[in-house]
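All remarks here apply to the structure that follows.
Going in written order, the chains are labelled A, B, C and D, and every chain counts its residues from 1.
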Amino acid sequence: MLEQIVFYSLSLLTLASALAVVLHRNTVHSSLFLGLSLAGVAGLFAALGADFIFAAQIMVYVSGVAVLVMFVVMLLGRASDLHLRQINERWMAALLVCGVAAVGLFKIARLHSATVATGAPRPSTHDIGRLFLGEWLVPFELISLVLLAALLGAVFFTRTENAR
Amino acid sequence: MTAPLTLSHYMIVAGLLFLIGVFGALTRRNIIGILMSIELMFNAANINLVAFDRFLHPEGVTGQALALFVMTVAAAEIVVGLALLLAIYRGTDTVYAEDFNLLKG
Amino acid sequence: MIEHAYLIPLIPFAASLIMMFGAKEDPHSPVAWIGIGAMTICLGLSVSILAAAAGGQIPLPYEHNWHWFSFAASIGGKSFLYDMPIGVLIDGPAAVLLVVVTLVSLMVQIYSVAYMHEDTRYKRYFAFVSFFTASMLGLVVSSNILVGFMSWELMGLSSYLLIGFWFEKDGPTEAQKKAFMTTKLGDSGLYLALLFIFAKVGSFQITQIHQFINNGYMTGTVATVIAIGILFGAMGKSAQFPLFIWLPDAMEGPTPGSALIHAATMVAAGIFVVARLYFIFLAAPDAMLVAAWIGCITAFMAAAMALVSYDIKRVLAFSTVSQLGFMMCALGVGGYTSGLFHLTTHAFFKALLFLGAGSVIHSVHTNDMRLMGGLSKKMPITFVTMGAAILAIAGIPGTSGYYSKDMILANIYYANQPIFWIMLGTALMTAFYMSRLFILTFWGDDRDHEKHHHAHESPFLITGPLVLLAFLSLVSGYMLNRDDLVYRLLAKPTISAQAPAGHAPVHAEAASADAHAAPALSAAAAEHAEGGAHHEGHLPHWLHLALPFLVLGSIGLAFTLYKGPRYALADGLKSTFAPAFHLLDRRWFLDDAFDLLVVFCDKVAAVAFWIDANVVDRVFVDGWGLLTRVFAEISNLIDALFVDRTVDGFGGLSLDLGVGLRGLVKEGQVQEYLMYVAIAFSLAATLILTR
Amino acid sequence: MNMLTVVTFAPLLGALIILCLPKEKVKAIQTVAFIFAGISMIASLAMLPGFDRGTPDMQFIERYAWIPSFGVQYFMGVDGLSFPLVLLTTFMCVIGLIASLGIENRVKEYFFWFLVLEVGMIGVFCALDLILFYVFWELTLVPMYFLIGVWGGPRKEFAAIKFFLYTLTGSVFMLLAILALYFAGTAPHTFDMLELAKMTGGWSKNFQILVFLGLYFGMAIKIPAFPFHTWLPLAHVEAPTPISVILAAVLLKMGVYGLLRICLSLTPVGFQWFLPALVVIAVINIVYGALCAMAQTDMKKMVAYSSVNHMGYCLLGIAGMTTAGFTGAVFQMLSHGIITGALFLLVGVIYDRAHTRDISAFGGLAVKLPVFAGLMSLTAFASLGLPGLAGFIGEFLCFLGAFQTWKLAAAISVLGIIATAAFFLRMLQKVFLGKLNEKWADLPDMTTRELVSVVPLAILTVLFGVYPKWPLDLMNKTIEHMLGK
């Protein structure tokens, strides 16, 4: 019973903040709501018993990405943006697309309406660690390369004129 | 309210989150808005991954491991995205998607 | 002795092979004596057979066959293995003819030793003569008409080789081709007759064919067609009416060769084959009538041509054709015995005449009688021997020619009046032109002093045979006629039951086999039994007496016309009857007809080839080629115009569509593109999922 | 012991070995070619005593599964009809090789293609499975194309292409017919000729006519029958001497053999229906061929048209539908192979010396070249059907067979014989007799190599003419049963 409450509240929180991110006129506010939504997602992870992912989500997203976005928003924010409409004129078409996609997604979702979680969630950190350094060693190393590339890219793009 | 939680619940939540992300990406005029919507989509994917892992393969952790990967990729992507945005902003002094049509056919 | 009859053709054949391939070419090589030796052996064999047959010790006909080869034949639907035998069948005429052929061939070969002595291809000549004699004897001896036909064609080949012996000159080469082609034309008739016989009788054995007819299985029409076919063959080989054009030209060959082939033997082969298959003619009366008329026309036309010819060998050639006409006519009217009797006697004196002419030519080195004259002083033996031959051929009583020709005229008299009077005229013409020849060459004084000067009598090797042949041509008639030997030997075959045509009499074949065993002899005996006065053997009394005087009259006429050095009277006659003379001189324009035929064939051949080269080849083959090329062109066009264009069309269409659509989308808006991608994706996904 | 495979594939082995030899070693190539053609000939001769002349059915049978899924077997066998032709093929190929010693340029390819050609030809006569038959039939095409196309005379390419396309179109129709037969057979479909022959009762008349026409079209081109013969003179004139010998001696026989073996046994009703047309074609072949030959000035083209004439006799013999006619046709194939082979060799001899084949260019050669004149006259007379030589026996039996059913046709065809005699005699007269043409005053007589290739053929011509018992015994039983069943 507790589990349902936790699930519904967290998902409501996530979805509402996501809507806010998308619809809110003020970019700063939407970035804030982004952080909130990511936190909601982290909660869902916790509800699903994925403890390591819950922790990772909190560290990476909520604190890292959301904060980063806020910095950038602050950096680029200008007063003139406030009274500009933040949504271009194609929202009707987008809505239509989402409606159609929604029909398809819900149809699939109904397929698994009967699958119920079996057994209590187990701590997964030990297994993830063993998996990463065992079977998935190569992808693990590769992903580190991706991050390195992203780092270099970011540094390269934001270099000022005189450095070139 | 007493029905037990099923995988479809999580799928619906993830689906909705994903759709909101898509809606955002398509309609937001501000590139940062787009980036944020993309973040939402990534997260929707993660929810699905973890949910599937939890419901269908409780014994293994591949779902969660994959979610981790998605996170790293998302992070990398947002970093690069923002770096690009800064470079563009410095260059064109605008962050609105309509103004960038350099690659016009 | 008769068991070795099969050796008779083989000995000269072996001799010819030895001579042809054994010895080296040399004008004086002794190889000729091998041929002569072989011929003497054969002569001995044949004489012994004839003596035995005449004496009645051995029953004729004697037949002995060996297995040659077998092939699958199907008569009337059922197929069986037909064993083709090859063997010997000696009956009366065959025995007589064996002696005649071997004797004449021997004489000719001895004569040729001297006549051809310095010719470059001396050896080859004797090989050809032996080869010819072998094939002639093969025809005479064989019991199987297919083997007979094979030796018949080989004879045609050897006459081709002998006529064209001096092939450097154009004359002989043209003559040899003409001879072979005309005889080949005739042979095709015999060829078809052969096929017809096998189709009907199912065998080539003469005895079996005779039995087949005896049993009356062969209908009249079939017999007639076969008889006409055989007659056609005989006309070709024995130079009868339309096909005798090759004989006068065949004189291009060496004279002894002509003597052997174109006087005594080969030309007689046609008559012999008709005699051999006489029972078919008996079964086809109208074929016999045709034969009679062909013989009559040939005799008359040839005699007429002989009147005007000045080449000694041409005259003899025409006389041979005329005498053959006599024989054919005799056979045609049913005078089987008289025809063959005349054949034997004619062989002797005609061979003598040719050899005599040869010795004359040998000494004066020309054929033209106008340059001869008065040779009797220079060449006494030739003069005397040819004189005997001329008496024989003219039919002076006592000579062999008288007996045989008289018998023929008698047969014709009782059978067919119109033919008789033509033949009587021809006989008188024969007497006339032969004595004309005799006078022009030997009588009066010489017309060409230079030739006359070194004319000399021929050596013994030439005159010896002449004397022997002269003796034979005088005596043979009497010898054969004594106590009806000729009727016994050359008895006319009979076909027993003139059963109504078609239905096969019931009695088994075996029964009739032995009945047939000795029909020849029994028929003769029956005839003999009729009190000896075989009525058709002699002319009615008044004709019997008148004939010799008529003959003497025509000889006298010849003397008067041609006695002067310039035979003025004869020339006068020639100018008055110029058109007739021209007609005869051009051999009744038959030669020109033959040349026209050849030219026509060449034209047809050219047209045929033109058709083949242009019509069939061009239209049919290259036409198809052209057609395919045109079709290829069209398909290429279609491909270029339609198919290609449509593809471009689609290409262009999609391009335009693209451009049009792009008009919708504002350029460069990332989100626009994202929007459309999203639309497409979501539509597709939902469509697939909701199906 | 599978002798037939040895006979058929020995030359192929030889051909492969030749491929490995270096181009320059001409002597080695020629010896290898002779060895393997010799093996093939000796093997076929070795089969002679073992061949039972008493039974009409197949002997030396070899049957292996080749393509089991379609029921295609490697089914080889010979009987009275095909065994003499196999002997003829192996013998003529050795003769052809002897004559090929004169070839100078590209010797290696020449001998390779020659041996491959031999394999194809022997295979055609031994194959009893329709697909195997078709494979060998096509196998002979390619080598022939190259042999004519590379070593031929002035217009060799055109001749080679025409020959190839012509025969190919024919064999395409034949393939259609073979497939039709395959599907017409009962349930376990098979290409085996003998089985199919038993099933002919079930097929409708129209079906058999159609299948027959398909097969006939393929065979008629090869024979060559009247409308399809125009490739022959061209191919013969342009082909080098040894090749035109093989072309005349063996390749033409494949058509007639096919007609007898396949058309007759597999589509009897169709064959019966086609008979009147076959007789007309035969008569045209004979008379028309002879007339065309008479109009020729080129010796080789004349002999080519005479082949059309001789093949006309075969057709006439077959059209008679009597065993005598069939025996005549098979014997005529043998004798024509030998005689025309010799004729082409002799024409080749004169061509090598005088480099012209125009009849009117020569004159009076008999004086200068006695041996050549003798052999040429003998072969010419054999070819025009002089009795005592092989040509006559074949011709006579064909006429014997045809006369029983088609009296008028046989009568007309006799004109063909006269025309044959006419053009051969004219050729002999123009080339050998008359005055010696000074231009050829110094022509040497035949060399030993040429003699070695022609004299055996001349001996065979005389032997088969005088004593035809041996070849006839080989084929009698088979042909007796061919119509009897």
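To be clear about the criterion, a contact is a pair of C-beta atoms (placed from the backbone, for glycine too) under 8 Å apart; a residue touches a chain by one contact, two chains touch by 3 or more.
Just so it is clear, the structure is predicted and the values come from calculations on it, not from any experiment.
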Chain hops separating subunit D from subunit C, counting only touching neighbours: 1
From subunit D, the most remote chain by mean C-alpha position: A
Geometric centre distance via CA averages, subunit C-subunit A, whole Å: 121
Whole-Å gap separating subunit B and subunit C, where each centre is the average of the chain's CA atoms: 117
Rounded Å distance between subunit B and subunit D, as computed from the means of their C-alpha atoms: 85
Euclidean distance of C-alpha centroids - subunit A vs subunit D, Å: 89
Residues of subunit C touching at least two other chains: 671, 675, 678
Residue numbers of subunit A (touch at least two other chains): 88, 90, 93-94, 97-98, 101, 108
Multi-partner residues of subunit B (each touching 2 or more other chains): 22, 26, 97-98
Every chain pair in contact, whichever chains are involved: A-B, A-C, B-C, C-D
Subunit A residues touching subunit B - in the complex, by the definition given at the top: 1, 3-4, 7, 11, 14-15, 18-19, 21-22, 27, 30-31, 34, 37-38, 41, 44-45, 48-50, 52-53, 56-57, 60-61, 64-65, 68-69, 72-73, 75-76, 81, 84-88, 90-91, 93-95, 97-98, 101-102, 105-106, 108-119, 121-122, 124, 127-128, 131-132, 136, 139, 143, 146-147, 149-151, 153-158
Subunit C residues within the subunit D interface of the complex: 68-75, 78-82, 146, 149-151, 153-154, 157, 164, 167-168, 170, 173-174, 176-177, 180-181, 184-185, 188, 191-192, 195-196, 198-199, 601-602, 604-606, 608-610, 612, 616-617, 620-621, 625
Residues on subunit D engaged by subunit C in the complex (per definition of touch): 162, 165-166, 227-231, 288, 291-296, 322-324, 326-327, 364, 366-367, 381, 386-388, 392, 396-397, 399-400, 403-404, 407, 410-411, 414-415, 417-419, 421-423, 425-426, 429, 432-436, 467-469, 472-473, 476-477, 479-480, 483-484
Interfacial residue positions of subunit B with respect to subunit C in the complex: 22, 25-26, 34, 97-98, 100-105
Footprint of subunit C on subunit A - complex, ascending: 88, 90, 93-94, 96-98, 100-101, 103-104, 107-108
